[in-house]
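Next, two complexes with chain A in common: one pairs it with chain B, the other with chain C.
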Partner chain A sequence: MKKKKKIQPNSLWALPSAGLLLLLTIAPLAMLLLFSFMNRNMFAGQPWPGWTMGNITRMMASGTFWDLLLRSLRTGLIVTVICIAAAYPAAWAMAKVVPEKRRGMCMILVILPFFTSQLLLIYAMMNLIQTGGLLMTALNAIGIPAKSFLYTNAATVLVLVYEYLPYMILCLYSSIEGIGDNLIHASLILGANKVRTFTHIVFPMSAPGLLSGILLVFVPVVGSFVEPGLVGGSNGMMVGSLINSQYKDNLNMGYGAVLSCVLLIVLCVIMAIISFATKKAQQSIGGDV
Partner chain B sequence: MSKGFNWAMRICLWIVLLFMYIPIIAIIGMSFNKTSYGMFPYVFTTQWYRVLATTSNLPAACWLSIKFSALVAVAALIIGTMTSFGLQYFSPKMAKRFNFVMQLPIIIPWLVTSISILLLFTFMGSGRSYPVMFLGNLIVVLPYVVMLVNNRFVEMDRTPEAAARLLGAGPMRVFCDVTLPGIMPGILAGGMMALIVCFNNFVLQYYLSPVAVDTLPVTVFTRIKSGYQADLNALSAIIILIAVIIVVIMTRLGYSGGSLFGMSSGSGKQKGD
Partner chain C sequence: MAELIVKDLDKSFDQHQVLKGISFSVKSGDFLSLLGPSGCGKTTILRIICGLETADAGEVLVDGKDVTKVRPEKRDIGLVFQNYALFPSMNVAKNVGYGLKMHKVPKEEIDRRVSEALELVKLGGYENRRVKQLSGGEQQRVALARALVTKPRILLLDEPLSALDRKVRAEMQYEIRNIQRQVGITTVFVTHDQEEALTMSDQIILLNQGHIEQQGDPYTIYSQPATEFASDFLGKANLLTGTLTEADGKWFVAGEKFRIPVNHCGGKEGDTVKAAVRGEYFEFCAQGDEGANPFHLEKKIFTGLSWKLIGALGEQPVDISALGMLADGLDEGADLFVRIRADNVVYYNN
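Let's look at the complex of A and B:
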């Protein structure tokens, strides 16, 4: 062991949160691994249950789990793509089109939903699209015989987009705002069309924001269980619902722990790939920015 | 950019804002509607606000959530500010590593975080309880505080601190009179963020709250599942109103949405142009 540098005494102020992180992030993750190999449930006061590989073999053999995982990833992909598609123009308009005086107002409007509860947002959307709700009544009134799509997968996607769109807009906005107007003008004047300007300037320069946007949208969407449970109907289960039911209904902690571990690993791998791909795209298209 | 293109972008923004606000406006409208499921025909009434004020269990849950979130936010502020202060004295490499671990509670899905914390405390023999719920919520909001206060440290001019020290002020005096005022905006924004994230954190409270104690998010969840009553609409309307007030105040104080997420240095500074 070689000592790198003398530790500054002031850095010890970070000690309490280092302890908290150890206790509440690292140790619980270790616990997740430990419980994956555990035979039965363990509640306070019960004896040590003993080891097993059963949870893992059960997970490997379970068609339901892999189906639900795939479906969650697909939902995550759909929601993220919709969010990106909607957020790019909106963020662009906020950063570059709307006059500076009204930019603050737009910002207020975008962040306001964060300050209301997510559950209230879900509830508001359910209320709107339910049978006999405002949307269906309005559609019927103008002669479109529409049936409510509440309790379908489409409703899950809609609610998730509704919840997570502001994150994507804010992430992209803060990146796009940093792109100099002159740079875009120069590109256009020098003969690049809009598509080329987008792929060569706007995209590479907003890639960091896009990446954090994807992180803030994709990960929670794949892990969601509240939304599919409330608006997805009986066929709307996602992998989060399955994990949740291991704790709330079946009381099978070990199996739930295995599923959580796998979900976490899959998410890590996907995020690593996305982050790598974005960096590569950024380099190959825009050079070193 | 050409005019047409700009208008297209502007229209996209309007559509997005409409999409975001139609449900919210609808729920406010429905809170004055007589039928309890938010359906038609529309008959104006204020009865749901009366229900909310008298028989409903929502205000109690709301009050519990406010007290609890305030407690968590204060703790997160103290620990978070200490952490950011300490982080300034880390070597860059160590700071980067520390920040990565710090971000984990935000990156890991809350479902997994809650489950793993529940497992740990089940293992240690305590299970669901107020202290566990407190710790769980604390670790999730702490990164926001550290991030926002950190940003202030980075932006701030640190030479006045050195000057104060040279002029003979003790370390405590330097911190209280020079450092603290400098990072105050970060602390305020961090506290706000901590309060809000904790107030709305359904998943952690669903898993870690003591048995039969329902915070507001948990109560709302139960309500939605088991056929809701329109006093929920009334509460939504009130919460949205409070949110509007808070956001307007914060924006007046100079926080932009970006600075809340620690990504932009606020609307005051603009790069490029």
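Let's look at the complex of A and C:
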């Protein structure tokens, strides 16, 4: 009989995926860093510009950049908080209230927007809230003299929440589903009301899902530039828009790269803080984790 | 310590009635077992008592006070779950102290009472262990400490031992009963294991398909099973169909080739009845001895404590259990004689 060759698991197996990671993540990041120290755009047919610190000094002195960064972070915070507040009940309902056989249906409803192009979603929302759109017409018809808030920051927030809510719901759903009903019941019987059961049992146990949800919502929202450009109006610009315009309109890749790097670092720091704070909160409530 | 009364509980799930007019009471400090096969409604009763489930009709009284509409967190009832339900995000001390924290007990007192409770379940010094590091038996002890530390009025145990292996289970049976006596807490214990119920309880309620088959102390319920179901579920008695007859003031159930003395408990001569005879009620005797019935031995099975002798009494199949040596020298296929040792055999009208 022929002896079957057994394939032993080997650390080399990680090579293809590690290589891909290297190629698609590390390399671009390194290039971004490199470009930060270059003058103008070497791919725009200009002669070799040489190294410079000019981009960095310009960034430090730029009031616009810091203003926009702050505004973007604020928008990110608002959108994330709204998403968390809206997603917890939804995820809870899906994981604990809806009968098991209908959960698949709910899941499809949540991920349905993913089947549509992002741009289409934005235009649909614009259509809904514009002057003379469905929402305004309906409000006016019942006698509420509402003015369309399209082309304001509120519109940007609305569209971003609409786009990113499913990510938060899915993240929270997966960790809430893992919390056994018995744990909730045990908490109730031990004298905790629903609010305290949430803060002491559900929150710490869903914290990992919450963290990944925050990561998936906050980071892209802060860096978004399509939505503010389309629905945010003249005052709606965010830091992503500024970076985008450096590449696209000003053909100033070096400056764009510096701004991107700073945004990246700021986001990493903020996520580290959020992650640390969540773990601390979890620990202070639940002992060790 | 409190008296628990359950009155006329009805409950249906999706038009399937799982509880039909369940009523019983537990005296203060007593240990009551709800025993029955899976799906008999025993866990539903427990969940109604602690408020996790609402009954369609009926009420639950603790110390005479109706708690039917009280929310679970206000009922002051302790519950130990089958799968322990310890909070995985907390260590042992935080788990045990959770109920006290929710009742806003000062921190020093929580620490003291948690240590006491852990001492009680023989887990002193386990305060800072992680729940995941504990064995099944230890986890169940933590769950018990967590349920007892708030000094609830009633303790409910929902098949707490079924996930443990045999040896640990026997140990915990003893331990739980011991602690229950020490604390003196009124306890309702749900189990499908008849041996567990018999060993641990003051009172047993035998449930079948949502109604009570029999209630009594373990000895009575075992020796005087009130229904066919009871005789079968507890210890699997042999059911012998025969005719009820009287001779010299004594009553018998007689079949084609056997006659068994019974306790007269209703019915008249000539009724067809089923006598419930436990395997250990038989003893071997010689042909012609008083009360001797022919027994054909078909198969011998060794079960450890005793031999199970499968055969036929007359035409009817019978399992006899005989302690070790008594079965020595009995060969499969032999024709023997047996008589009934017990004088309290019960029977049921067909």
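The rule is short, and it goes like this: the second predicted complex is superposed on the first by the 267 of 289 C-alpha atoms of A that agree within 3 Å, B and C clash if a C-alpha of one lies under 4 Å from a C-alpha of the other, contacts with A are read in each partner's own complex, and residues count from 1 in each chain.
Basically, a residue touches a chain if its C-beta (ideal position, glycine included) is under 8 Å from a C-beta of that chain, and two chains touch if they have at least 3 such contacts.
If you're wondering where the values come from, they're calculated on a predicted model, not measured in any experiment.
Give one word, clash or fit, describing how chain B and chain C relate on chain A after superposing.
Superposition check on chain A shows chain B and chain C fit without a clash.
In the overlay, answer first, second, both or neither for which of chain B and chain C A:G236 touches.
After superposing on A, A:G236 lies clear of both chain B and chain C.
Applying the touch criterion given at the start, work out whether A:G76 contacts chain B, chain C, both or neither, answering first, second, both or neither.
neither
What angle, in steps of 10 degrees, lies at chain A between chain B and chain C when each chain is taken as its C-alpha centre?
80
Return first, second, both or neither, reflecting whether A:L119 touches chain B, chain C, both chains, or no partner chain.
So A:L119 only meets chain B here.
Please work out whether A:P228 is in contact with chain B alone, chain C alone, both, or neither, and reply first, second, both or neither.
Neither: A:P228 stays clear of chain B and chain C.
Regarding the shared-chain residue A:S11, is it in contact with chain B (first), chain C (second), both, or neither?
first
Between chain B (first) and chain C (second), which does A:H200 come into contact with in this model arrangement: first, second, both, or neither?
After superposition on chain A, A:H200 lies in contact with chain C alone.
Answer with first, second, both or neither: which of chain B and chain C does A:A192 touch in the superposed model?
It touches chain C, and chain B stays clear.
A:G180 contacts which: chain B (first), chain C (second), both, neither?
both
Have a look and say if chain B or chain C is in touch with more residues of chain A.
After superposition, B is the partner touching more of chain A.
Check the residue A:G104 against both partner chains and state whether it touches chain B (first), chain C (second), both, or neither.
first
Between chain B and chain C, what is the tightest CA to CA spacing in Å in the combined model?
8
Go through chain A and flag every residue that touches chain B in one model and chain C in the other.
On chain A, the residues that contact chain B in one structure and chain C in the other are 180, 182-183, 188.
Okay, in this complex, where on chain A does chain C touch?
180, 182-183, 185-193, 196, 200-201, 204-205, 282, 285-289
In the complex of these two chains, what residues of chain B are touching chain A?
1, 5-6, 8-10, 12-13, 16-17, 19-24, 26-27, 29-30, 37-40, 79-80, 82-83, 85-91, 98, 101-102, 104-105, 107-113, 115-120, 122-123, 125-127, 135-136, 138-139, 142, 146, 196, 199-200, 202-203, 207, 216-217, 220-221, 224-225, 228, 232-233, 236, 239-240, 242-244, 246-248, 251, 256-258, 260-261, 263-264, 267, 270-273
For a test of understanding, state which residues of chain A touch chain B in their complex under the given definition.
Going by the criterion above, the answer is residues 4-5, 8, 10-18, 20-21, 23-29, 31-32, 34-35, 42-45, 86-87, 89-90, 92-94, 96-98, 103-104, 106-128, 130, 132-134, 137, 162, 165-166, 169-171, 173-175, 177-184, 188, 194, 209, 212, 215, 219-220, 222-226, 230, 240, 243-244, 247, 253, 256-257, 260, 263-264, 267, 271.
Could you please specify the touching residues of chain C with respect to chain A in the complex?
Where chain C meets chain A, its residues are 50-52, 71-79, 81, 83, 85, 87-91, 93-94, 98-99, 102-103, 128, 130, 146, 150.
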